[in-house]
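One chain, subunit A, appears in both complexes that follow, with subunit B as partner in the first and subunit C in the second.
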Partner chain A sequence: MTSFIGYGADPRIRFTECLPWLAAIAVFFLLPDYLSLGARILTYILFALSLDLILGYAGIVTLGHSAFFGFGAYVAGILSAKLGVTDPLLLLAAAAAMAGALGVATGAVILRTHGLTQLMLTLAIAAVCLEIAHKATPITGGADGLSGVTIAPIFGAFKFDLFGRTAYLWCLTILFASWWLTRRIIYSPFGATLAGIRENRVRMHAIGVPVYRRLLTAYAISAMIAGVAGALLAETNQFVGLNVLGFEPSGELMVMLILGGVGRLYGAFVGPLVYLIAQDFLAKQFPEYWYFGIGLMLVLVVLFARGGILGLADALVARWRKLK
Partner chain B sequence: MSAVLETRSLCKSFGALVVAENINFRLEVGARHALIGPNGAGKTTFVNMLTGLLAPSAGQVLLGGEDITRLAQEARVKRGIGRTFQINTLFRDMSVLDNVALGVAERQGVSRRLWRAASRHRQVREETFALLDMLGLADDASKRVVDLPYGKQRLVEIAIALGLKPRVLLLDEPAAGVPSLESGMILQVLDRLPEEIAILIIEHDMDVVFRFARAITVLVDGQVLCEGPPAEIASDPRVRRVYLGEQHE
Partner chain C sequence: MEVFLPSLVSIAFHGVAYGMILYVISVGLSVTMGLMGFVNLAHGAFAMAGGYVLTSAITRLGLSFPPALVLAFIVVAAVSVLLERWLYSRLYDAGELEQVLFTIGLIFMAVAAAQVVFGMLQQPVLLPDYLKGRVSLLGRDFPLYRLFIIVASSVIIAALWFGVERTLWGAMVRAAVDNRAMAQSIGINTRRLFTITFALGSGLAGLGGALGAEIIAIQPTYPFEHLVYFLIVVSVGGLGSLRGPFAAALLIGVSDTACKYWLPEFGAFFIYVATIVLLLWRPAGLFGRRL
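The block that comes next holds the complex of A and B.
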C-alpha cells in the first residue's frame, strides 16, 4: 500500500507523477467548456488528498472530514461577505488556520478513542458543525446559503471570469502546492512514523513513539488542507451552501478515495476525477437513477479491486510484467 | 552489584484474579537473567508491567533507582527499556529496513521531522544497516517482513529492540515457534548481544535458558518461587515439582 515511502524510498519525482499535471494543463487548452467542472474536480482532489493523509497513511477512519471542508468554506465566505476581506490568498490562509485550529480541538478528543467510537465521534462533529451553520442564519445564511461572496482579482491582476479559466488555474496552483507539501510530508520521517502507526500501533508505543501527538499533528495538517479546499470552493462558486457540511459530503469523499485507492497519494486524484465525471455524465443521461451507476461502480471496485482503480492498475501492470 | 531494574512488592490483579503478587525482583547491570515458569504463571504480565503496557495494582518499578511506575511506555523506552514480544509484533507490510529504522529514528529524535525525506537521513540508515549486519539481516533489508522465514522475523523483533539502544532488554520468548533448524541462528544472536545491556529473557525452552542465563527466577501463580544460578534452580525439588509433577520428586 505505501511501500514507496520510508527509509529505503527514493523521494525523487518520477515521470508518471508528472502525468496528472500535464493532463490538467492539457485540459485547460483542449476542453475550455469544462473548466468549471474541472475547477470543482481539482477542489475535490485537494479535499480527497487531505483525507488520504489521515485515512491512507495514519489509518484514522473518519466520516466527519467535511467539518473542516465546510468550516474552511464558511470562514472564507463569511470573511468576504460579512467583513469585506476579498483577497483570495488571505482567505485561503485564514481558512487553513481556522480549520487547523478546529482540527486540533476536535482531534484532541477523537484521537483518544479507536474504532467505532472514533467513527461515531467524527460523525457527531460533522453533524454539530452542520447544525451550527444551519441555525446561525445571520452569519451563515442558514438553509438559504451564504451569498454575496466577492473575491478580488488574484494578486490584484487575475479576475475570476465567467468561463472558469482563472478559477481552474487558481485551483490547479493551490492543488499543486498542497500536493507538493503532502508528498514531502509522506516521504519524511514523520510520514514513515504515520505509516508505522497505521501498521502496528502497539509496536510504535513500544519503540517510544508518542502516538497520540503524532496523530494529532497529522490530523491538524489534514484539517488545514481540507479547509483550504473548502475555501477554494467558496472562492470559485462565490457562494457557500449547507451541502458542504454533514455526513453526505464526508461519505461521498470517502467513496471517491476508495474508488481511486486509499494510501496511494494519487488515488486522491483518480477517485474524484472518475466519480465527478461519472456523476456529471450519469446525471445528464439518467437524471433519476444516476446514483445507481455510482453505487454499481463502488460495488465493483470493492469486490474486484480492493486497492481501488490504482490498485487494479498496479495488479494489471504486475501481471503484464510477469507474462513478459 | 547494583540493580539497573528493580521491582518492589509488585502486584497486579484483574478483579478477583491475582496474576502478580508481591514480586520483588532485581536485574543487575549486564545481567543474563531468565524468568521461567509454567503457562499462566504471570511472566508476560510481569514484563508488561515493567514496560508500562500494564499498570500495576500496587508496588514500584525502578530503573536505575528512578521510580518509573507511573511513567508511560514511551517515557520508559526513552529511559532505556527495550522489549520484544512473544508473538511477532512487527510492521508486516513494511521492509526490514523500515521496521528497524522507525525505532532508530525515534531514538535519534528525527522521526517528527516533516520536510527532508526519510531516506536522506544518513545517520538513521547507517546505524540501521550496521545493526542488520550484526544480526545477519543486511541482505534482507529491502524485503517485506511478511516475506521472511519465521526465524528471521524473530530476529527483526530483536533488531527493533536493539535499535533503541536499551539499558535493559526484555526478551519475551525469542525462540518461540521457531523451527529447530532456525533456532540456532537466534541462539547465536543472543550470545553476541552487547555485554553492557542487562537482559531478562522469558523462555520455555530450557536448552535456551540454561545455555544463556547466569541467573534464573522461577515464577509460579504470580509469585516468585525461587531464584538463583542455573545449577541451583535445576536441582531445586520445588522447581522439579512444578515442571514435572509430584511423581518425579
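The block that comes next holds the complex of A and C.
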C-alpha cells in the first residue's frame, strides 16, 4: 500500500499520467469505428472517478452511488425532452447542481451513521430514486425510458454526429476537466484529511478535524461528478433508461473500480476500460458466463489481489526492480 | 366500511404469511452478522438455492413436498458449510468493503449459475393436493397454502427461539454475540460455533426460500431483487437480535402488502422511505444494541 498518491507526494504531473490522454487521442484517430463505445467508456471512467473519491479516499462504502448518476441523467434528459433546454454545457451544469444538492441532502443523512446502517441507507436511497423514476411515468417515461432528448450543438458550433466523434471529444474534455479537479482535491490538504478519516476517524476527530463536514463536502463533490457523468450519458445516448438507477449499476460500477484498483485515481481509468471492452466482446455472446466471470473475478480480486489491476502492476514492477 | 374490513383481514393474512417467510429467510443473516460482524449480501442466494432445490426435487427427482422441504434445508446448509470454511472465514478480519465486494461477487455467480442451469423463467411450485384449495376465514376465502406457510413458519420460529434461548448451544451463541473474546477465553470454540450457526442460518434461508417459493417467485434475479428487503428486516430489527427482526419482518410484510393493495401506483416507495426514517430515528434498529 505504498503507492497511494495524495497529499505529501510530488504534485507535479508525471510522464505516465499523460499516457491515458495520449492514448485517448490516438484512439480518436486510429479507431473511428469504436468511438461510441469509447464515449461510453469515458463516461463510466468519470463515474468511477467520482466513486473513487468517496470510496477510495474518504472510505465511505456505498451501494447507492447510481442515485446521483441516474439523477443527473434524468435531470439532463427531462430538461431537454420536456422543457426544451438543449445546450449541452447548461445541461451538464444543471445536472451537477441538482446532483450536488441531492448529495448534500442524502449525505447529511447517511454520513451520521456507519456500518450496516449506512450501507442500508445508501441502498434504500438508490431504491427510492429508482422507484420514483419507475412510477412517475409522465415525467420520466417510466419503464419505457425517456426518449426525445435533443441536444443542441456544443457552443453552437459542434453538432453531435452519427459516428460519435463529437460525443467522444466532448466526453474526453469533460473527463479531463473533472480529472484535473479531482487530482487537485486529492493532492490538497483537504484530500489528506479525507485519507486520514479513512485510516483513523477517531484520531482525526482528536486532532480537531471537522470529520462530518469534510465527509459531507467530499460526498457532495462526488455526487456532482457522478451527476455530470449521468448527464453525459443522457446527452450522448439521447435517451435515459431505468437501468441507470438502482443497485445493479451501483454494483457494476463498484466492480469496475475494484478491478482497476481503489484509491489510486487511475484505477478508475483502467477498471471501466477493461470491464466495458470485455463486456462488449463477451457479454453479447455469453451473457450468463459473463456474469459468472464477473462474480468470480470479484471474489478472486478480494481474496488475492486487493489492489486490482494497478495493484498487480505495481507488485510486478516492484519485483522486476528487485531482480535488477 | 363494507369493503374496507374484509380487505383489512385479507391484507393482514397475506402480510403475515409474507412477513413470516421474510423472517425465516432473514433471521440467519441477523444472527451471523451479529455473531461474526460479516456483511453477507449473498444471503438471498441461499434462499434462492433452497427454492431451486425444492422445485427440482419435486419435478426431477419426484420427491413429495415435505421431504423436498427438508432436502432444501440440508443441501443449502451443507453447501454453506463448505463456503464458510473455504471462503467466508478468510474475510472475517477484512474490512467492510472487502466483505461487501466478495458477497456481491457471490451473488453474480449465483445469478449466472441459476440462469445457466434453470433458465430465466420463474420456477413453478407444484403443491401437493392436500395443500391446494381454500379455507374461509372471517368471511373471506384464503388459499390453504398460505395458512400452511404461517403454521409451518411458526413451528420453525418456535423451535429456533427455543434453541437459542433455552439450550446450551443457544447460550454459547448469545455469549459469543455479546462478547466474542470473553466467550473464547472461557473455552467456547467460537470457530466451530460460527460454522454451525452459519450453516443453520443459511439452511433456514434455504428452507424459507423453499417454503415461500409461491410468494417470492424463484427466478435467477432473486438475490438482487429481494436483497433490500432482507437487509431492511435485519437493520430495522437490529443486528444480532432474534426477536427484533421478527417484529420488523411482520411490520414490513403487512405494510408492503397493504401498500401494494391500496396504493399500487407507489409500489415499494413507502417501504423504502419508512426504512430511511426508521434508521435515522434509531440507527441501531428498533431492538438493536449499539454495536
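Please note the rule applied: the second predicted complex is superposed on the first by the 310 of 324 C-alpha atoms of A that agree within 3 Å, B and C clash if a C-alpha of one lies under 4 Å from a C-alpha of the other, contacts with A are read in each partner's own complex, and residues count from 1 in each chain.
In the analysis below, a contact is a pair of C-beta atoms (placed from the backbone, for glycine too) under 8 Å apart; a residue touches a chain by one contact, two chains touch by 3 or more.
None of these values were measured; they are calculated from a predicted model.
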| item | value |
| --- | --- |
| A:161 touches, of subunit B and subunit C: first, second, both or neither? | neither |
| Partner chain(s) touched by A:132 [first = subunit B, second = subunit C, both, neither] | second |
| Touched partner set for A:144, first subunit B, second subunit C, both or neither | neither |
| First, second, both or neither for A:301, with subunit B first and subunit C second | second |
| Partner chain in contact with A:206 - subunit B first, subunit C second, else both or neither | first |
| First, second, both or neither for A:190, with subunit B first and subunit C second | first |
| Subunit B versus subunit C as contact partner of A:113, first or second or both or neither | second |
| Comparing the two partners subunit B and subunit C, which touches a greater set of residues in subunit A | C |
| Which superposed partner A:291 touches (first subunit B, second subunit C, both, neither) | second |
| Contacts of A:17 with subunit B and subunit C, given as first, second, both or neither | neither |
| For the subunit A and subunit C complex, residues of the former touching the latter | 55, 61, 63, 109, 112-113, 115-117, 119-121, 123-125, 127-128, 131-132, 134-135, 247-248, 251, 254-255, 258, 262, 287-292, 294-299, 301-303, 306 |
| Of all residues in subunit B, those that touch subunit A in their complex | 51, 53, 73-74, 77-78, 83, 85, 89-95, 97-98, 101-103, 105-107, 110-121, 124-125, 128, 141-142, 144, 160, 163-164 |
| Subunit A residues touching subunit B - in the complex, by the definition given at the top | 1, 3, 5-11, 184-185, 187-193, 195-196, 199-200, 202-211, 214, 217 |
| Residues of subunit C defined as touching subunit A within the complex | 33, 39, 87, 90-91, 94, 96-98, 100-102, 104-113, 115-116, 224, 227-228, 231-232, 234-235, 239, 265-269, 272-273, 275-276, 279-280, 283-285, 291 |
